């Protein structure tokens, strides 16, 4: 998984029926110190994440293993809102 | 998922029967501000996308989970035409 | 999918029985303008591709969804011989 | 698989029910000489790994094939604690 | 698939039961001319490969499709020992 910062949402004019009802988050990847890596992606939301939230993103086939993404063509999903990364 | 700009199509001389009937889009990857990242890929189309459209591309096994790509050797598919990325 | 140029073949001294009968192509990745990207990979062949052919390569689990690669440990397969990339 | 150094843990405020009971490790990737590569990721734990442990991380769908990660949206899991990399 | 050079093995202090009996190879990636790319990974062995062998590595879910890796959390496996890459 990667750590991401929710930076916005994606509005679609026309979409595959399989995406109906999903919120699509525009996400910036962060490193373990919560600094931006320069990478980014679009992820579905399964935890009610919003603008400014730190989220945990699962990528690939595992992203289809939440209740809201099952059997959908979704390759990235926010599976948790992160409180803190504890680097001891 | 990633954001892409449809830049053309791919014409094939000979193809695996499993690709029959699919449109193959030549896509440039864009970042969240819609600037090109320099990456590119070929994606199947499931939303009637054409030259100049902004599209949402799903990659990997999830790309086989649209009606038009089921059980085909397709690792990338356009699943939505994007109207806007709202960076609040 | 990516665009590749078939640059040769791989001969193996000893291989897993699951690879029996497959041709393994040495492939250079090309960009949308058909210039080399500097990346490369080994792909199975499902379309009778040979030295110098432009091919469309499917990568990952979808590569196991052609008749010749089903249930084999193949993560990349040439699924079409490309005639042209039409950048309008 | 990759070699990682466990550098901490991730605490989540809210998570998908499918993640219940899993420890999420903050991991730095190491190369074969055990030097950091600069890459990092978040992985579930299946071997009781802790701060400072060298771990073997499996990535992608295979990460869902341990007892603790089965059918969960987990794309990376620590499957072994590494004692040594023997470069002969 | 990628071409790799077997550079050693990984010894683990503690591992997930699903890894029992597998040899874990430390592998350097090579390009089509057999020069190192600087990338590396850990792969299971399904062909009896040893130190100094050139191997063909399958990556991702397809790596779980050999007899020795079936249903295990293995994301990379050596599926052939390479004799030569013929760049015509």
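To keep things simple, chains are lettered A, B, C, D and E as they appear, and every chain counts its residues starting from 1.
Going forward, a residue touches a chain if its C-beta (ideal position, glycine included) is under 8 Å from a C-beta of that chain, and two chains touch if they have at least 3 such contacts.
Predicted model, so just to flag it, every value in this text is computed and none were measured.
Separation of chain C from chain D in touch steps, taking the shortest path, is 2.
Averaged C-alpha coordinates put the centre of chain B at 19 Å from the centre of chain C. Mean C-alpha position of chain A lies 31 Å from that of chain E.
Of all residues in chain B, those touching 2 or more other chains are 60-61, 63-64, listed in ascending order. Beginning the circuit at chain A and passing next to chain B, one meets the chains as A, B, C, E, D, using touch as defined. Against chain E, in their complex, chain D makes its touches with residues 1-3, 31-32, 46-48, 56, 58-67, 69, 77, 79-88.
For chain A in complex with chain B, the residues that touch the partner chain are 7-19, 24, 26, 28, 40-43, 51, 60-61, 63-64, 71-76.
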